[in-house]
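Next come two complexes built around subunit A: one with subunit B, the other with subunit C.
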Partner chain A sequence: MKDKDEEKAVLSRRQFLKDAGIVLGTSAVGSAALLSACGTNEITKTDTVTKTSTVTKNVTTTVVEKETLPLPIETENGRLLISFTVNGKKFDATVEPRETLHHLLHEQLGFKSVKTFCSRGGCGSCSVLLDGRPVLSCMTFASSVGGKDIWTSDGIGKEMPELIEAYIDNECMQCGYCTPGFIVTAAALLKRNGNPSTDEIREALAGNLCRCGTYPVHIKAVHEAASAMGGK
Partner chain B sequence: MADEYKDDFLYVGKDYRRKDGPEKAMGTAIYASDITLPNSLFAKVMTCPWAHAKIKKMDTSKAEKIEGVVDIIRYDDPRIKDTKLMSSWNHPFTAYLTENVEELKDFLPSEGFYDGEEMGVIIVAESEDICEEAMNAVEVEWEQLPFVLDPEDSIKKDAPIYYPGRETMIGNGNEIPGCEFSMGDVDKAFKESDEVWTVPVAEPMINWVGAEMPQVTCNWEGEDVVVYAHTQQPYDLSLYTAANLGLKQCQVKVITPYSGGTFGERAFVQHFNDQGITYIAAMVAKQHKRPCKCFINRADQFRSARSQCYMHGEIKIGANKNGKINAVSIKNFTSHQRAGLWITGSAYSGYDHFTDNTCVQNIKMEDHCAVTSQPPGWWFRCEQNIGSYNLGIVNSEVAHKFGLDPTDVAILNNGYEGHDVDYLYNIAKEHGLPTRDSLKACIETGKKAFGWDSKFHADGAKKLPNGRYHGVGFIWDHAWNDNVNTITVGLSLNQDGSVNILGQRDDLGTNDKTTYSQIAAECIGIPYEMVNYRCGDSTAPFQLKNPGGSMGVISQSRGIMRAAKKLRTAIFDKALTLNLPEFKDAVVDDLDLKEGYVFKKSAPNAKVHISDIAATCLPYATQPWGISCKGVIMVYDTNVTKRKWGYPDGGTRPRFARQCHFIEVEVDPDTGEIFMTNINNVVDVGVVISPKSCRGQAYGGAMQGLGRAYSEEYIYDKTYGVILNPDLQEYKIVTMLDFETAEAELEESHNAGGEWGCGGIGEDVATLIPAILSDAVRNAIGVSITEQPITPDKIIMALKDKK
Partner chain C sequence: MKNFKQYYPTTVDEAAKYLKENPKDTYIVGGGTDVIGAMKDFILPTYPVALVSLDKIPGLTGIKEEGDYLIIGAMTKVEDLAMSDLLKSKYTCLAEAASRTASPHLRESGTVGGNLCQMTRCWYFRHNNNQFDCVRKGGSTCYALTGETRFHSIFGLTKMCAAVNPSDLAPAMVALNAVAVTNKKEIPIEKLWSFAVPGSTTLDHDEIITSFKIPKFTGKSCFYKASVRRTIDFPIVNGACAIDASGNARICLNAVAMTPHRCTEAEETIKGKSITESLAAEAGAAAVQKAKAIPGTGTSNEYKIEIAKGVIKKVILGCK
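Right, the complex of A and B next:
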């Protein structure tokens, strides 16, 4: 049985879709294409780690106050204690200062959908949504995600079944290793733009590499998902 | 005996929801690299930073002091003294291709023969990061030694002997026994040709770039070891691992979950990235009594193993003005490395592609293979890149030389072993096989889908309003219908009438779970939903041949059909023992099984569901505690074909099925960029099993082929012999932005070699595609560029020379 905190933390589908459109700010590191999935009209200004102002074309202004974005707490052995949510569930973890978000998610917490293809920010397979924005987890320090909201493809899939079904129906996966990264980026695009054009899809997904060469069907799948979601 | 012809399929030819779709889309599919066992150690091996160098002195003291370092195993560590790994040469498949020479490879040498060779030291630590940190802290004094990069240089008399001790096998110490093949009288045919000319050819060294990097986790269960590996050959890896560890093969279990891109490269069990890292993980796990994961980072993966070797050479062509090819003489130099498979032979360099597909009567081929200081490799879709490329370039050259349509040149020269196409299909007729001209059908379909007739124009004749040159290209070859080796398939009938396909698993992404389930459903006569292929590990009793690999669907379909026939007979036998009124006075031959129901052929409406029969396969064995156990029917059969593509009753047969491809490009004369606007793939797959998957394999292969045609290549620093672009930032594979539209058309000649005449797809498209870009670029700018990849600088230079 879920405890109260957990129940509270599990976001409703509606809340997920709403929040995913809000960029709460992070020092996102990634390819231009991944960043483009967030939209060119987006302006993010980071004053400090603890206070961020963001403006998107869909959302006016959101100010997050200090108390909701706690600084990492250094523990005795030099590790940092951070709290964050993944797919709507709250986690506390200690991380090394050099540890990547990918390592935290994949190795510490067991989110195996977060893959590593290149390890150097060049393939998109490790993409996750960080406060609604697609970032490359292999290029993001784990210590920087304190207080933040993270979504991986398995979490996104439960909230956006239309996208998953469109991907299955169009056989967007062959070996399937890179597919979760595509799902994350496609989800970010659809939340920003409920009815993207082919060029917008192509541009958004350009930072995700697929060695099997499944590219042509991703375009079709995202169009179908957009249609099935009715521009939500 | 002819193939069993069938076209009234119930389950074959339909699109079903991919069985692996939900797991892969959600990201819950588990790959070997996802597996980190509790309390696991991590291990990383050093790679040689020079093209050829020996360790003079190594200081690991700083690395030892790093917290979390558990063990350091050096080349001079007494624990590994005289340790050898299985060699390339004593692998049965390699021996078949080369010579069976017993030679074992040093496990952790102090001398590296190429940039990236695993050697020197292994770091064992509590995490991957600590391994990397400690490896960086190892200080080595190197003695750099002479090296050679070009295969043509390597076989010269004054070249540094690169592989001492190999003289008995390799001519001058570097040259591998190459091959020469010839047919007809090339010199005479050249004299009789309207035109004779020579073109340079080159294909770059490329990397496999599988999305998942090679990783192995080993854990001991008493005296036995369990290996979790990203490999395409779990059974072979268990063989090598047992030999390296001094175990019996039955003590090794290799588990391959999903695999993140294998493409043939992960079938290279004898390479260090397979057997070497497995040995490290097993050795460390045993010594420290903890599971161990041995990993390779992307840079080391690039540097330690390539896929396609570097090739350069020339082709001399003699042809008549009508496009008839009289003679072809090919001379290739190819680069190889010790411990790699020697890709040599008639198929690899092009000879077979001419004899299998054309009526060209005079062919000569010289293939010179030499060891160089480039990494070893296996192949990446596929070992016949060079051979197929040479055929494609010749077709293109002849068409452009005489201003002909390349599709017409293809049809004119289509044939088999120097004979025309009528000769080919007379052979088919003699064996009761379909006689449809596969190439003609593919070309007709492709031209219509592509709009070829309205787009084809004279070379360099069309400049677009955007200032770019417009060009179209065409390429053709046979469809892939290899059927090598033996496979064994088990079928298990469950109590509810459902069936499991049994065999080892190495998912290659080709939708094998769905495809083989469709084939089994069709063969057995039960609904698709009642079949599953969940597969086992290397200890599975049945060994499928690379599910999804070159020979996957051809080999497996035949094996499944044979096992299905046995299963049907067993089911009918059982049904007749039940004394059911529906089967009164019937014998086995009177019965049929369709859509899950058994019935007498003479009374199809009186039917019994298979579950009612399966439930009684063994008598209830009532246990003392009251639970009933039942048995199952399990059958298996083996499909053995000694070599190549065989008739069902043995022997080899010609390749009857063909494929062709069409591409449209724009070339920017100012920047040299190529924009691929449209590609149509047409493949005669014999029989379509899963339409969407076939199309996916077609355009997926096209994306891979386009990459190696215009952007992929290793860049070497020729002064130091080291690789400059071992990462995905500098080594460019195709992305979403590199094409506009890609479509695939499927032809069904029922003549591709597998059950009902089905054949493979995917690897072949990737193999053919590179040559098409040369054809299209020549049509666009009017200049021949046959040395790939066709990078912008080559376009600019070609246009400059044209002026």
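Right, the complex of A and C next:
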């Protein structure tokens, strides 16, 4: 699969150069608490938008108008066209049926914070919020997310700066590879439960593994974030 | 993963139609947490030509009491069961089983239907690229019988396959006497699985579970799972006991055989008696009387018999 991924990346880059300038208009949709793309992610996102727009370009405009329909639309070569939002920004992409959500986010759209480690649903490093639920993007088919609202740790970081600060203050990362997954899961918990107990935090984070063994500080950090956010 | 076709039907009939069109190489996807792993490891008997996702079919989710039954949609997420106040208060063992299934993330995408239909975790069956042509895959040898059997069957050695059913929800569903409602018929939950090989369930290829029906329950119930780690790990042995208002008990163990194992001996032992620690222990001993360890060549699974005894004792005491 690696070769294919590389090939795809090269193709996309070429396509990117070829189509530079044709940036599909994206609009912010979703809840009021959305963020405008800013800072270091800008480059990735522009790149992304262009990449996906080149694929959708061949599809007639009527298809784009149907974007609210959550059913994927079959395009050439059995690829499926889907529309969804990531961190409040709207995206169109075509995916192969075999593509996982992790692959779509990390490889196609460039959200490098979505890691993969075990790739079998056992470690939590690929966690994202899907319509508010913390799920594993390595165990979710990309084609199923049409019409859904996805948040990665980059977006969450901007929406919940208190959480990131608590993570930094408590030095929650050693190698840092698992951290984005923890952030996503902790955010899901805090959104449902503004003032979780230690046991509740432990239980919520139990699906995220850290080989460096940073577990105790995560619990402290989530407590701190919760009180910094005022039990919102 | 190799490529395949992905269908997103919007009705159960449409889904069944796609399954019927490709009688062999089409698979149903609920949450996908089991299927995707199986596909990544290339362990399905035939690589899917197409997958039929139930994700976009409306009406397959929800938990509600209706008439004489509790109805749970087959596509309801396992986490929603764990969080349901209705289940926590009245169908306790099912809520407890859900809260101990896999990890929080897997429960958020894993469905009830998928949980009950999941494939076994036997490491010979699950070995990458179908390297072991085992009985459950249509071969003639059960490699576990002469191999590593730490987590294998303690009931059903005579039945040729030493794998176990790994589902956490299954024993609770059996204890609560659930019925699986499909697009074709209603199946009493214990008939959903069979030792018949290969395959994990007795469903037809184009049969889709739409909901589970549980007779309204007013008694007490309890679930317990013994596992290496509290989260993510599959059960070593799990079990559930439900004692209804008139004192009738249904007790079931899982991860001890290829199908959930109803413990009628334990049920008989406690029938009509008030529950005490020693009675619960007696029931545990009765339940494992016919259990048999597999010697294997590595670590034996003999310890599972002791654990099964303990699980029975715990779930009975939990209904006190």
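Heads up, the rule we're going with is that the second predicted complex is superposed on the first by the 163 of 232 C-alpha atoms of A that agree within 3 Å, B and C clash if a C-alpha of one lies under 4 Å from a C-alpha of the other, contacts with A are read in each partner's own complex, and residues count from 1 in each chain.
The criterion applied here is as follows: a contact is a pair of C-beta atoms (placed from the backbone, for glycine too) under 8 Å apart; a residue touches a chain by one contact, two chains touch by 3 or more.
Keep in mind it's a predicted model, so treat the numbers as computed, not measured.
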Practice task
Kindly say whether there is room for both subunit B and subunit C on subunit A in the superposition, answering fit or clash.
Solution key: fit
Problem - Residues of subunit A touched, compared between subunit B and subunit C (which is higher) - result: B
Problem - Which superposed partner A:78 touches (first subunit B, second subunit C, both, neither) - result: second
Exercise for the section: Could you look at A:134 and tell me whether it touches subunit B, subunit C, both or neither (first, second, both, neither)? Expected result: second
Practice task
Report for A:164: first if it touches subunit B alone, second if subunit C alone, otherwise both or neither.
Solution key: first
Completion exercise
Smallest inter-chain Cα gap (subunit B/subunit C, superposed on A) in whole Å equals 5
Completion exercise
Overlap of subunit B and subunit C contacts on subunit A, residues 96, 98, 119-120, 122, 203, 206
Handout entry: Of subunit A, residues touching subunit C in the complex
Key = 1, 70-72, 78, 80, 96-98, 100, 119-122, 124, 127, 130, 133-136, 138-141, 143-144, 185, 203-204, 206-207
Handout entry: Contacting residues of subunit C [partner subunit A, same complex]
Key = 1-6, 8, 10, 29, 31-33, 36-37, 39-41, 51, 53, 55-56, 77, 79, 102-106, 108-109, 230-232
Handout entry: Residue numbers on subunit A that touch subunit B, as the complex places them
Key = 96, 98-99, 103, 106-107, 112-120, 122-123, 125, 152-154, 157, 164, 167-180, 183, 202-203, 205-206, 208-219
Problem - Residues of subunit B touching subunit A in the complex - result: 17-18, 20-31, 33-34, 36, 129, 209-213, 258-263, 297-298, 507-511, 692-693, 696-697, 699-704, 727-729, 733-737, 739, 741-742
